[in-house]
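Here come two complexes built around chain A, the first alongside chain B, the second alongside chain C.
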Partner chain A sequence: IPSPSLLPSQTQWLTCFFPIYFLAKPTLPTNFEENTWATLKSAISSIFLKQPDPCDLEKLYQAVNDLCLHKMGGSLYRRIEKECEAHISAALKSLVGQSEDLVVFLSLVEKCWQDFCDQMLMIRGIALYLDRTYVKQAPNVRSLWDMGLQLFRKHLSLASEVEYKTVFGLLQMIESERFGEAVDRTLLNHLLKMFTALGIYLESFEKPFLERTSEFYAAEGVKYMQQSDVPDYLKHVEMRLHEEHDRCLLYLDVSTRRPLVATAEKQLLERHISAILEKGFMLLMDGNRMEDLQRMYYLFSRVNALESLRQAISSYIRKTGQDIVMDEEKDKDMVSCLLDFKASLDTIWEVSFSKNEAFCNTIKDAFEHLINLRQNRPAELIAKFLDEKLRAGNKGTSEEELEGTLDKVLVLFRFIQGKDVFEAFYKKDLAKRLLLGKSASIDAEKSMISKLKTECGSQFTNKLEGMFKDIELSKEINESFKQSSQARTKLPSGIEMSVHVLTTGYWPTYPPMDVRLPHELNVYQDIFKEFYLSKYSGRRLMWQNSLGHCVLKAEFPKGRKELAVSLFQTVVLMLFNDAQNLSFQDIKDATSIEDKELRRTLQSLACGKVRVLQKHPKGREVGDDDSFAFNDGFTAPLYRIKVNAIQMKETVEENTSTTERVFQDRQYQVDAAIVRIMKTRKVLSHTLLITELFQQLKFPIKPADLKKRIESLIDREYLERDKNNPQIYNYLA
Partner chain B sequence: MLVILVLLYSPEGIEALCSAVGVDHTDVRMLMLAWKMNAEKQGYFTQDEWHIGLKALRVDTIGKLKKRLSNLKEEVMKPENFENFYLYAFRYCLTEEKQKSIDIESICILLDLVLGSQFRPQVDTFTEYLKIQNEYKVINMDQWTNFFRFCKEISFPDLENYDTTEAWSLVLDNYVEWMKEKAKLAAA
Partner chain C sequence: NKLGRGNRDKVQQLMTITGARPVIGILKERLMYSTTSPMLQHPYADMILADGISLLCNDIQVDPQDIVMLAISWHMKAATMCEFSKQEFVGGLQALGIDSLEKFRERIPFIRSELKDEHKFQEIYNFAFDWAKEKGQKSLALDTAIGMWQLLFAEKEWPLVEHWCQFLQARHNKAISRDTWSQLLEFARTVDPALTNYDAEGAWPYLIDEFVEYLLENGIQKGQLSDWTH
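Presenting the complex of A and B:
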C-alpha cells in the first residue's frame, strides 16, 4: 500500500486511476482443526492409557498454540474435556467391584488418584497456552486442572460404591489405629488429601468420621469409667486427646482438629465429670496425688468444668475439715491437723491447680466455714497451740521455725469469727508465761503481738502490749526497791523477792485467793507496799498470791536441793520446818488456802513425779483424813528441781471462767450495740434492728441470743414494744 | 351486808364475799369483779374501789351482785374489753413492790383462768411447755402480751404463719419449736 503522501489529491483521486494490489489472506488448510485435534487426542489418550506417544511435547504444545491463535480455543477446551471425561470415567468405573480387602482397595484408589494427578498435570502442560488465553478470557470456564478435578469428583460420585468404600475403608483404618494397630498413615494421608482436593472432605469424610468418633468414645468412656480407677482413666483420656491431636498432624485436615478434639473431650470427659469427681476426687486429694490432680485440672479446664471441680474442692474441704473440727476426742491435735491440712491444700493449689484465683478463694471460704463449725473451741485451741509453741522448753525449734509456725497459725486465726475467745485464752496463757518466766523468747512474743496488731488493729492488742509494759516497768521498780533505804534497813535476811506490779484491766482477772503467809514474807510484802506507795501515791496494791513462785533451799538427809515451787507450795512446805507430820486439816488451818486449791497443791507435792512430802495413806487423791510427812528419803539426780508445773496447767475452773467472761463481755457488747442503735434511730423494726446488729457485732451470734438481749432491755425499760405494732421497738430515753 | 363490808378490806373479807355470792375465790368471775372495780391489790378492795365499783355495777344488795356477776362475763368477753382485762389480770397478780414478773406456776393458773375458755388448746400446750422447760422461771408483761397476740394471730395447731424472725418473744420461739418437734415425733 503506497504511503499516503503519494496519494493524489481528492480531486485527482476522482480523475486519475491507479491500480491497487491487495495481498491475499493466508488460508488454513481445510482440515487444519480436525487434524491438529487428532494429534492432540491421540496424545491425551496415550497419556491416560500410559502409552508412549510418537508426537513430542514441543509439537503438541505448538498445536494447542496454533488452535488457540485461530480462535479455536473454545472447541479445543470442550474436546479436551470430553476426552478426559471418557478416560476418568473409565478409570473410576474400573474400581467398581475391585478387591474386597479394604486396604488393597484403598491402595487402588490412591493409585488411580495419583495417576489422574500426574496425567492431568501432563495435559495441562501441553495445553498451557489454552489455560492462559482462552480459559482466562472466557467467563465461567474452569482451568484445565479444576476441570479435571470436577470430572473426577463427578465420576467418583457416580461410581458411588467407590466413594462409599473409600470412606468406609478410611474410617475402618482409623478405628484400627485407635485400637492400637499399625496402619499405613501415608495411604491415609494421600487419600484424605484427595478428598480435600476434590472439595468433598467436609461432607463426605469429616461428617461421618466425627460421628464415628463420637460413637467410639462414647462407648469407650462408659466402659473405661467402669473398668479403671480415676487416675488411670484420666491418663487414658489425656493419651487419647494427644493421639487425636497427632492424627490431625499426620493425616487429617487441619480444620478437623477442633471438632475432633471437641468430640473426644465431650464423650470422654464432659459426660463423666460428675462421675469422675464422685469416684476419684476424694481419693486423689486424700492421697495428695499432685500429678493426677494436675491432670484433672488441665483436662477439666479444657471442657469448662472447673466450676464443678471448684465445688468438689469446697465440699471436700468442708467434709474433711468437719471430721477434724467436730471430733472432740481429737481436740488435742485439731490445730496441728488443720495446719497440715491447709499446707497440703496450699501445695495442691500451687502445683496442681496452677494457682487458680477462684480456687484460692474457695479454699479460704471453706476453711472459714469449717473452723467456725464449732463455736469458740477452735479459737481456744489455737490460742493454746500458740502457748505451747511460745512456752519455754521447745528444744530443737529455731527462731525461724517458730516464726514460720506463728505465721501459719495466724492464717487459721484469720478465719476465726470469735476472735474475742482467742484473745481471752491467749491473754490468760501469755500472763502465765510472763509471770512465771516461762516464755521461750520475748522476741517471739513481741513478734506475735505485732502480727496480731497488723491483723486486728491496735485495739485488739492494747491490753496485751500493756502486759509487756508492766513487766518491763516492774523490773525497774524492783531495781530501785533494792537500792531504797527501806529495803536496805528493814528487810528480813535470807530472802530475795521480786514483785510484778500489774495494771488491772491489762491482765486477766484472777479470783482473790486467801493464804496465810509465813511471817517473813508478810513483812517483805508490807515493806514493798510501803516503798511502792511512797513512790506512786493513790494507788491500791492487791497481792495475787496464786501467781507467786519461789525457789526454796531444802536440806534433805540425802542431799541439798533447790526447789522451784509455787507460793502456795512454799507456804505448805514451810510448815514442815517446824513439824515432821501434819494432817490435812492441820495444813488447811495453818495456811487457810481454799480447799480445792490446797488439795491440788498437796497432790503436786506428794503424789506427782517429785515427792518431797509423803502422804499417808498412799493414793492419787487427797482425802480429808490424810496426813503428810517430810520425805527424808528424798533423792533426785538434779540439784534444782521444778515442782511448780501445776501453776502453768490450766484448771477446769480457769477454763470455764475464761469462757464465761468472754460470753459476759459479748452480752455487754450486744446490749451496748442495741442501745447505741436505738438511741440514734429512736424507732426501729425488729428485722432492721437485727440486721444492723449483725453488721456491727464482730463475733458469731444467733438471732435467738439477740432476741434475748432485746427482751432483757425491754424488761429493764431501755426499750418498749410499740403499742400499735409489736414488730417495732421504741427507745425509751 | 354490813358484816361483809367490815371484812371486805382484807382477804378474809373477800372470802366472806365469795361465799355470800356463792362463787369460789379462784373463779374467773372474782377476777372480773376486781377488774370492774379496778382493784389495785390482789385480795383486797379499798373502800373507794368498793363504792365506785358497786355504783358502776348498779348493785346495792348481795342478791343483785350475785346476778350481776353472771352477766359480767359477757361484758368482759367483748373484744374491746377483753384485752384490757387480760392486761389487768397480769398487773393484778403483781403483789410485791417493784415486782415485774410472775412465777411460772401462777402464770399457768392465770392463763387457764383468763384464756382457757377462748384458746383452750393453746393454753394447754403452752402451760405444758412452761412446766417442762427450765430456762424461764418467771414470765414478764411483754411475754404475757405476746402470748395473747400469739393466740389471736397464729393459726393453730399448724403454726404455719409463725415466723421466728419476727419480734415474737424468745419463749414463744422455743415453745413453737417444741410444738413442731412434738408434731414431728407424732408423725414418725
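Presenting the complex of A and C:
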C-alpha cells in the first residue's frame, strides 16, 4: 500500500492506483486531520504574528497535500479562512484610534496593508495545492488571495473609522499637494493601489475625491477669476490641468483621468467662459497676444466652448470695425486701418486659432457686415485708396509691394455690397490718371483691372477696359494724324497737339465748359476734326475743354521758361501775347470762361506759388474790378514750371453727383432686370420674381424698393397683375 | 364749355371738401326733359353737365351724393365724373330698359341692389378709378381717391378705411396708382382687419405694406408676426 506521501500529484497517476484503493482502503489515524491542521494553524499564526515558525515549509506543503488528498480540502479552506479572519480583523482593529497625524496614520495603514499582502502571499504559497485542487474544483470558492482581500475589505469596512480616516487622509494629502506642498507620492500610490486591489477604489475613493476636486476648483475658479487677469488665469488653468493629468500618471488610477480632468475643466473653465471672454478677450485681441489667444482657443476647445469664442470674435470685429468705419473724422485712414485690422486678424487666425474653418467664415461675415455699415462711403474710400497707390509719385514701393497691396485691397472690395459705387469712383480716378498721364505703372493698372474682372466678371470691367483702349487708340490716331497730309500742309507751325479721343459711355461724364480758344488752337482743332471724321465718318466729336492741358513757352525778361498749365490757364495767358494789362471783365469777355472757373484760373496764375501774372490790387480773392498784368519780374530756379490749377481735388458736389448717378443707375438696372426676367418668363409669381432679382442684382437693395420698381412698371404697362391672381405678374409685350 | 368746366371744377371741389361724391346730370332726349332745352342750342349740347345732373337727381329723387349715382354712371359707361355724353346716357338707359322717368325711378332699387353683388361691386369699384380721375392723368388725385374710398367703403364695410385715409394723408400725400387702387379692394376683401393673414412677403403694393407697418407702429393692429414669416 503506497503511503499517501508517495502518491504522485498528477491525476492520471491517481487513476492508475484506484484499483489498489479499493482492494485495500488505507486507514488514517483518527486524529490525522486535527494534528495536521494544528501544524498548519501554528504556522499561519506565526506568519501573522511575524514569529519564526518551527516547522519547515516542506512539511507544511506536505500537510496541505495530505489533507487535500484525503478530501479534507473543504474543511481546510474553511479553517484557513477562519484563522486569517481572526488575524486580519485584529490587525485592522489595532488601527482604530491610532495616530491623529494623518500622514502617520496613513503610513500605518500602508504598513498594515503591506504586511497583509506579504502574509497572504506566504499563506498562499504554503497552501498552493489547495488553490490548485479544491478551489479550482469547488464552485463559487475564492482563491486564497481573493479570500484574503475579501476579508480585508470586510474588516476595513467594519472598522469604519479606519476606512474613513484613510480616505480623508488621502484627500487631505492631495489637497496639500494642490496647494503646492510636497507629499509622499509613494504612500499615496500604495494606498490607492490598495483601494483598487480591494475593489473599492471607485466607490470609497474616487467618488469623494471628485466631489472634493469639484469643490476645490469651484472655489479656486471664483477666487482666481477675481484676482488675476485673464491671461494669467488661463495660464493657471492650463497648469492645473497639466497637474491633474500628471497626478493620474503618478498615483491615481488611470480610469480617474477622464472624470478628473473633466471636473477641473468644468469648474475652472466651463463656468467662467462668458466671464473670461467678457473680461479678457478684447484685451488679448487688442494686444495681439497670440500665445494667450492660442491658449484660450486650446482650452475652450477642450470644453466645447469654441462657439462662444467664435461669437466673441464676431462681436469684437464688429465693434472694433465700427469704430473704424463709422468715425467720419477717420475717413482718411479708414482703408489702411481696415487693412491692418484684417491682416492682424488673419495672423491671429493662423497662429492662434489653428485656421479653424468656422472662424474664418466668421471673420469674413463680420467684415462684410462692418464694411457695409455705412452705405457707399467705404466703397468710395477703397477706390480712393487704390487711386493713391496707383498714382505716380508713390516712390519707394516696388512692383511686388504694390501688387501685394492691390491684392489686400481686393479682399476688402470683395466684402462691399455696393460694387457699383466703387466702380463709379474708381472710374473717375482712373480717368484722371489716364488723361493726366499720372499713372504710376500701366502694368499695375492692367493687373488691377484683371483682378476686378476675375472678381466681378467682364461686365463689371467692360467700361474700364474701354478707357484703356481709348488711350491706346488715341496714340495711334495721333501718330497717323501727324503723318496725314492735312497735318503736314495746313497746321500752324510752332504748336504741337496731342488728342485723346474718348468714347462717351466708357468715361465719366464731364460737364461741358465753354471757352473761346485762341485762333491758333481753333485752327488746330478744326484740322484734327476734319482728319478724324474723314477717317471715322458718322462720329461726333465734342471737345472737353476742362480736361485739356498745355505746355507753353514763355519769354520773361529775366529768362525763358516752360509753363505746364491747364487749357483754361493757357487761354488766359495767351491773351497777354497782345496786351500788357487786362481787367477781369476784359479777360472774361475774351475767353467766355464761366465766372467761377475763370476766377479760380486767375487765382492760380496770380495768387498761387507761381505768379506769372500780377493782380491789382493784391489779395487772395479775385474781385470784379481787379486787373491783371504780365509779370515782368518773374523768376524761377527751374526751367520747366508747373502752375497748379486750383482745386483739382474733387468737390463735394462732384462727389454727391457721382453717388446720385450710381443710385439713378441702380433704378435703371432694377427696371431692366425686371423686364429682362419677365420677358423670358412671360408669367411669374411675385416671390419668384423677387428671388431672381436678388440673384441678378449686384448691389444691396430692399424688397420694398423692388416693389416700387415693379409697381412703376405696372404703371407704365410693361407688366400687369394677373386678373385672377394678384400674386402673379404677366409680361405685356 | 368754360362755364361747364368751371362748374365741374366747383362740384369737384365741393366733393373733395365734403368728401362727398359728385352729382350727375341729365340729358333730355325723346323721353323726358324740358329743363335741358337751353343746352340743345349749346355747342356742347350733347353733354349733360353738372347743372343737368343735379336736375336729373331731383327728378329721380336721388341724393346726388348717393352711391347709386356711381352705379348708374357705371351702367352708362360714363367716361368722366359729373358728365354724361348723349351717347352714354342713351346707351345706358337702353341697356337698363328705361324709357320713362317712372321706369327710371322704379329701377333705382334694383341698381342699388347690384352694389351688394360682390362681383358687380368690384367692377363698379374699378370703374370708379377711371371715372374719377382727371382725364389725361395716369393716377388718381389723393383727395379724390379718399373721397371715393369713403363712399365705396361705406357701402362695402371695411373697418380700416379711416385709418387708411389718415395714413395716406400723413405719410403718402401723392396720387394713387391704378394698381394700388385695385389692390386695396383685394386687400380689404381678403385680409382680415386684425391682419392675421397678411403676408409681408406677398405682392401687395408697397403702399399697402407701409400701411400695415403704420398700423402696427401705432398699435392700431397687433398683427401676428409669426404668421408673416412662414
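The rule is short, and it goes like this: the second predicted complex is superposed on the first by the 600 of 733 C-alpha atoms of A that agree within 3 Å, B and C clash if a C-alpha of one lies under 4 Å from a C-alpha of the other, contacts with A are read in each partner's own complex, and residues count from 1 in each chain.
Methods note: contacts are C-beta pairs under 8 Å (C-beta built on N, C-alpha and C of every residue); 3 or more make two chains touch, one makes a residue touch a chain.
Computed from a predicted structure; not experimentally measured.
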item	value
Contacts of A:His686 with chain B and chain C, given as first, second, both or neither	both
First (chain B), second (chain C), both or neither touched by A:Arg721	both
First, second, both or neither for A:Gly559, with chain B first and chain C second	neither
Chain B versus chain C as contact partner of A:Gly437, first or second or both or neither	neither
Which of chain B and chain C A:Pro511 touches, first, second, both or neither	neither
Partner chain in contact with A:Lys707 - chain B first, chain C second, else both or neither	both
Touching both chain B and chain C, residues of chain A	685-687, 690, 703-704, 707-708, 711, 714-715, 721, 726-729
Contact set on chain B toward chain A in their complex	100-101, 140, 142-143, 145-146, 149, 164-167, 169-170, 173
Chain A-facing residues of chain C, complex	138-139, 177-180, 182-183, 186, 201-203, 205-206, 209-210
Chain A residues touching chain B - in the complex, by the definition given at the top	685-687, 690, 703-704, 707-708, 710-711, 714-715, 721, 726-729
Touch list for chain A against partner chain C, complex	685-687, 690, 703-704, 707-708, 711, 714-715, 721, 726-729
